[in-house]
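I have placed the structure first, in the form of structure tokens, so that the comments after it can refer back to it.
Labels run A, B, C, D and E following the written order; every chain starts at residue 1.
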Amino acid sequence: MKNKVLRIIKYLILVIGALVTLIPFFWMLSTSFKTLGEVYQMPPGLLPNNFNFDNYRVVIEKTPMSTYLFNSVLVTTIVTVGTLVTSILAAFAFSRVKFKGRDIIFTILLSTMMVPSELLITPNFVILSKLNLINTLTALYLPWISSMFAIFLLRQYFLGIPEELYYAAKVDGCSDFKYLIKVMVPLTKPALITIALLKIVYSWNEFLWPMIMVSTPDKRTLPVGLAYFMTEAGPNYHLLLAYASIIIVPVIFIYLLLQKYIIQGITRSGIKG
Amino acid sequence: MQIKIRSLAKKFKDVVAVDNLNIDIEDGELVTFLGPSGCGKSTTLFMIAGLINQDEGSIFFENQRIDNLKTEDRNIGMVFQNYALYPHLTVLKNILFPLEMMKINKKEALKRAEEVLELLQIQELGKRKPSQLSGGQQQRVAIARALVKKPKVLLMDEPLSNLDAKLRIETREEIRKLQQHLSITTIFVTHDQDEAASISDRILVLDNGKLQQYGNPREIYEEPSNLFTAKFMGSTPINIFDGTYTNDGILLKDNKIVSYGEKFSDLEINKVTLGVRPENLIVCKKEESSISAKVKHVDMIGKDNLVVFYIGEEKYRFFASPSDDIKSGDTIFLKFDKEKIMLFHPNTYESMSRCCI
Amino acid sequence: NNDTNEVASGGNQDENGEEIQEVVELEFWHALSDENGDVLQNLIDQFNNENEFIHVNAYFQGHYRDLFEKLNGAAQANTLPTITMIYNNRLTAYVMNDFAEDLGPYIYDSEKGMDSAVWEDIPLGLRNDGMWDGKHYSLPFNKGSYLMFYNVDALEAEGLKVPTTWDQLENAARVLSKDGKTGLVLNQSAGIDFSFWVEQAGGHIYDEELEVPSIDSEGVKVAYEFITGMVEEGIAQLAGEDNYITGPMSRGESFIGFASSSNLPRMEEASRETGVNWAVAELPSGKREAALFSGTDITMFNTSTQEQKDAAWEFIKFWYQTDITTKWGMESGYIPLTYAGAEHPEFKSYLEKDPSKIPAIGQLSAAYQDPNGLNGYAIHSNMQTALEEILAGVKTIDEALETAQENATREMEEAKRNFAQ
Amino acid sequence: MNKGNSMKNAAIGILYLLPAMVILGVFQIYPIIKVFLMSFYTQYNYFQHIVFEYGVGNYIQLATDPKFILALKNTSIFVFGVVPTSMILALFFAALLNSKVRLKKFFRNIYFLPFVTSTVAISMVWRWIFHSKHGILNYGLGFLGIDLIPWLIDPDWSMVSLIILSVWKTLGYNILILLTGLQNIDEQYYMASKIDGANSWKRFTRVTIPLLSPTLFFVSITSLIGSFKVFSEVYALFEKRPGPLNSALTMVYYIYDKMTNQFSYGVAAAASVVLFIIILTITMIQFLIGKRFVHYK
Amino acid sequence: MQIKIRSLAKKFKDVVAVDNLNIDIEDGELVTFLGPSGCGKSTTLFMIAGLINQDEGSIFFENQRIDNLKTEDRNIGMVFQNYALYPHLTVLKNILFPLEMMKINKKEALKRAEEVLELLQIQELGKRKPSQLSGGQQQRVAIARALVKKPKVLLMDEPLSNLDAKLRIETREEIRKLQQHLSITTIFVTHDQDEAASISDRILVLDNGKLQQYGNPREIYEEPSNLFTAKFMGSTPINIFDGTYTNDGILLKDNKIVSYGEKFSDLEINKVTLGVRPENLIVCKKEESSISAKVKHVDMIGKDNLVVFYIGEEKYRFFASPSDDIKSGDTIFLKFDKEKIMLFHPNTYESMSRCCI
């Protein structure tokens, strides 16, 4: 009896949580089908008077969507893969290679997390211009193919892998690097996918950076398109949210694709004790 | 591969795990490290493997100092006490792993893996992940993984502890056969003296990180160099008496006399510690007996009955054949097999035997 | 890398000795999206078609703030475009640092200069705003003005005339405020664009002579008293979470509102749904008439090649051609930049169809623009804070304005100090 | 691995670190050093890179700038509002989702959604939700008999709104990370503690929490750092302004404002350094506390 | 606590781990689950503990069905095969944990913890974390943790496998003493028959998830109900011969005759499988012998020598006393202890003995 009540409460909480989470999205979607006039109606209608796909048409026509999409995919892919590669290597050094000065380097790198990225935009703009990279796609990914956050997260997971496996691999004739690739990487797949997902999300939604680094439409990414729907008199909500609804789709899709690997967890058995 | 260890030592913070160890292992020999829990067996093994750095001392393979060599370049096989199977790989892939590292071609590798799977009777587990195996099954996979690469040196840390007795005996016989066949120099850690005795060329007894004795099984069983070894060897604890040395024999507390063999004659000592294995206490007539006692209880151990009795607080044991039909509460009379008794110095506990040390 | 910026051009001799011209490419950064962006692009296409050897590449750089931030970076990285849209109070930094091109030599050049008839025809309030030390560094580009939006039916129902003075405005607001509705509505950020009230009250928010803010001056106080008085009385309100007057106006929650002409399309769409019948009128006058014209100027940076600058000048001239500016006035949300454009028959007939730009044109004579002192934004942002403080009852008008004056002065000083020689 | 090898180890270590270090060095550390130096440029024309005057003036100016003090205060309120709320909620939901629940995946996916959206777009939606007269939040609260709350226009509530938005936005991510951590706790410990007579609450507090501590630690550090840097939420929620009466004026907003509007790179840099030091100090304290309570295998 | 298990069954995907098990355990009894690796011992234990849900069947404590009770409410102690010590707690805290859960006051708890630490000789480890212990030390801590709460039912999954022989015997004796003293109903999983024999009131032999035999140690050793149990019991494998049943005796392949005892008389069978334990093959004179063979090799096992010989492919073993002085290569003659031979049905492998089944 008590169990049953508890279970009901559990579900109730989960459902409420889900509702709270979903309402803004529902709103976003619903608004994306409204006319601007409806947007200004108060109290706002939960659903649009009629589903107005026109907003989507307008949005797609107004922006060079395919170019943006291509650039977004390219930049996001490079950023994600790059981050994974650099963080795997670095996290390995930070968790398994013991050498003098390691902790100092770690601390220094860790401190980079504490600086707001807004602050670095201008200095990086100058650096990239010195590298002759302003207004190139390279500028969009190069500074982001490494992330201390990712290194930190991954190191945390690497530290959790029992030392015995390292020993076993060494005995099996595995070099450090091979151990990393053959044992640590597969074992931390969930963490790696988490990192990938986070990177994809960040990179996909990054607005300010491409806005500033790139000045021609052929090198812009999807979120920059959001700017088209903001005006002096405030945003064109219906269009903006239609656009936002479109660009969120690939990320959700990727998330759904990847999430099952994330939650698998690291299988630990096989290590006794 | 001949192995030579010189002045090896290792400390963990305040714990001395290994203390000035010197060992020589001949090529193709199987040596067992035997000792109580925490005596430093695993630590020594790990230093030989290069997985732990020694604090002091050096290790030689074929007179080649290899301390500086990386583990992966030492060409050793190892079975870990806690298995250390790769959790993300299937059993088969776990076993193929070392071969892959050796860049052996797929077909050959598969063949070898199957051989070893068969050897350990785990063919049908090939596709499972370690988490889906029972404890003993995991251990067998770990052994398979160590054997498959046919290493020059094989290190095994209690490789059989989770196997059932039958399989344990079979496996140890197979390991022994294989080891002799391939003549792999092997170090085998165990806490089971029977196992140690039956499998080893030589046994190294460790206590508290220190070498106690190094010799062949019968030597160690019959001529322990100190009381520790005497107590430690033999699956049934040895019986210990305090006595006084006289020329006629050892005078026990209750004034009974125990005669001793040649090797103990003419010792210059007064107090002495006498040890006798349970099988060397023999049921006899009252007249012949050095001990009479009341049986506390009788355990069945394999084919024999283990009879337990007390003298004061002290517990004593001996083996009786079931046909003797001894029951708890009976009074029994025992004599000592005089050739088999051991005498130890009452302070240093070193053996007083002439033949040794 | 930024090749479009680098393609230099000019007279090259081919083997026959004939001069062949290469196309001069130049970049123009703007912040117009939406219909306005389309119109701009059309006009630029037209320019490019007409000028065989010039190609203006117009790039949308996000909204004003984005654009300005970008220019900031570009200035440091030396990747400025040839021409850009810019607020004058932003341009000041570039002028002080010698990035802006003095347009005087172009304007008055005998050969390629601007036709003086056209030049004089640009309304003075707009034309002379881009001046620093007597030199022209920018010219008006897209201009609109602040307007009074009103609900025609509501005013009619109360028998009210469209207010043309503060008194009438206050009265109308009072009459209209009932049934939980508030007569007057201002944008939530009214403090930012507060200067027109100040100007109408006879004051200034900036002392051009002394180059300091004058937020604590009498005119400013009067204006604040007027507006906050009405809010406190409950006959005026800020738009709140709606931010812009569009929401309350289109929902019939308020009946008179003040906002810039960029709100026009919004109002139109929003009230199409609700059926609110609205119109716009010139700003009512207080002590005097004053209409704040908003929007940006166009400026040229001296970091480009001379060929690019010359080409850019051609484009600037093009912008004031009567047919072009007329078209701009009709198709975009902005007004024509010359009187000729404003009085063009085509534009006149357009106004008949869409009278919403009439007040803006009508106000041209009273046009003024916000001061262009370095970090002029400090004045506006502090005035907004002051407005919030007063309405929240945290500070009295005097205290709030005094603080705003202090802060704005300090912040402007601070900016200036960094560019001091 | 021996004495003579320490140099070699260092070389190997550096080799692994190299790619990350190059990128982070060029695009993070170098700019940070520049920023640090810049904080001592009391008079600095950043357009032309001319420093007229060096000194600690920028720091003195900060110390006497009431806006900066306000930004400090607001940021602290924000951080100490968001981090614990988000952590506790995330832990709560992660634990729920880690227990035997039907539709586990479904719920998990929903909770993660806020994280994948762009702040810009979703903040606009939240403006509606927070609308005092017509917003769904007040509508819902109305059912509970709670009066209309002026979420975004009352300075007393605007910080709360910002916190709600941020918690909502980061919750899914925190849940995800914690959930991964939970999955990594070996089943055997739960078994052992069941045997030891621990009920589910005790198991949670005595086994789950300590074994999850590295993950909790990680989440707390990263969300603390993240919250200290809050900006885009403010920017989007309050229409590019720092909230009514500067009630949502955060440190980074202050820095951003100094930099882009006031051309005061020196002051902005000094403020960044202060922010940096604050975060660093708190993180160090966290690490110290972590040493005592965080259990690594 | 009396335990009753009825029709218990558990499947993992395609593996039947436990198959229709019925067991009765008396209050205060110590029952050992014995069986080869993977036979379902741990799984059964886990179901009793409530850590795994059975697919079928029911479990009763004192005739009370407890399947639905949560583990934490069953008041059991358990030692896990892989220790499962809390990695974040020190040894002492690990041991205090169950007491804390029982809300026992601090002082009392500390006293009890110290008692049990002493019992297992790990007093000095109290402050260490599990990761700083050797394998055997970890295991002892796990035992301590299970004992400290003085549970009504104690479940132990190979609790001694990592201890050295001496300690293993001591510990098992201590466990037995404690168990009898507190009269805790105990289930003890092991794969060591000696251990099982010496500690248990009754042994349950499992194979492939199925009960093979359930009885007291001697019964199982001497009267195995089937060939599996016969083979499995005894640390040295039993010797198996194929033969033909005649009234005079069993005719072996080479026409030698082996006589049998009373209990096998008048069987209606032709072919038969004969089993004899190594200790029941006795060295004798050629005339008496049923077997003659050449010694392959001689292993020393404790006090005895284990002699190995082959007949065809088949391996046979017997114990010889060292005094017999048998060396590899010798030809030996053996007879069967006729009272001790076992006969099994050649197809079902069930015992043919009259007295049982």
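A few comments on the model shown:
We take it that contacts are C-beta pairs under 8 Å (C-beta built on N, C-alpha and C of every residue); 3 or more make two chains touch, one makes a residue touch a chain.
Predicted model only: the values in this text are computed from it and were never measured.
In summary, the chains found to touch both chain A and chain C are D. Each step here moves to a touching chain, and the least such steps from chain D to chain E number 1. Comparing the chain pairs A-B and A-D, the larger number of C-beta pairs in contact belongs to A-D. Put simply, the chain farthest from chain E by mean CA position is C. Computed from the mean C-alpha positions, the centre of chain A lies at a distance of 15 Å from the centre of chain D. Chain A and chain E have Cα centroids lying 56 Å from one another. Per-chain Cα centroids separate chain C from chain E by 93 Å.
Separating the centre of chain B from that of chain E, both taken as means of CA atoms, is a distance of 21 Å. Residue positions of chain C touching 2 or more other chains, listed in rising order: 69, 72, 76, 243. Each of residues 42, 122, 162, 208, 234, 266, 268-269, 272-273 in chain A touches at least two other chains. The set of chain D residues touching two or more other chains comprises 46, 131, 186, 239, 265, 297.
Looking at the complex, you find that chain D touches chain C at residues 43-49, 52, 67, 127, 130-132, 135, 150-153, 155, 239-241, 244-246, 260-267.
Note for the complex: chain A touches chain B at residues 162, 164-165, 167-175, 178, 182-183, 186-187, 189, 266-273. Note for the complex: chain E touches chain D at residues 46, 49-51, 70-72, 75-78, 80, 82, 84-89, 97-98, 101-102, 131, 145-146, 149.
On the side of chain A, the complex with chain D involves touching residues 10-11, 13-14, 17-18, 20-25, 27-28, 31, 42-44, 85-87, 89-90, 92-94, 97-102, 105, 108-120, 122-124, 127, 142-143, 145-146, 148-149, 151-153, 156, 159-160, 162, 176, 190-191, 194, 198, 201, 205, 207-208, 223, 226, 234-235, 237, 240-241, 243-244, 247-248, 251-252, 255-256, 259-260, 262-266, 268-269. On the chain B side of its complex with chain E, the touching residues are 12, 34-38, 42, 81-82, 132-137, 139-140, 158, 161-170, 191-194, 197-198, 217-218, 221, 231-232, 234-237, 277, 279-280, 299-303, 306, 319.
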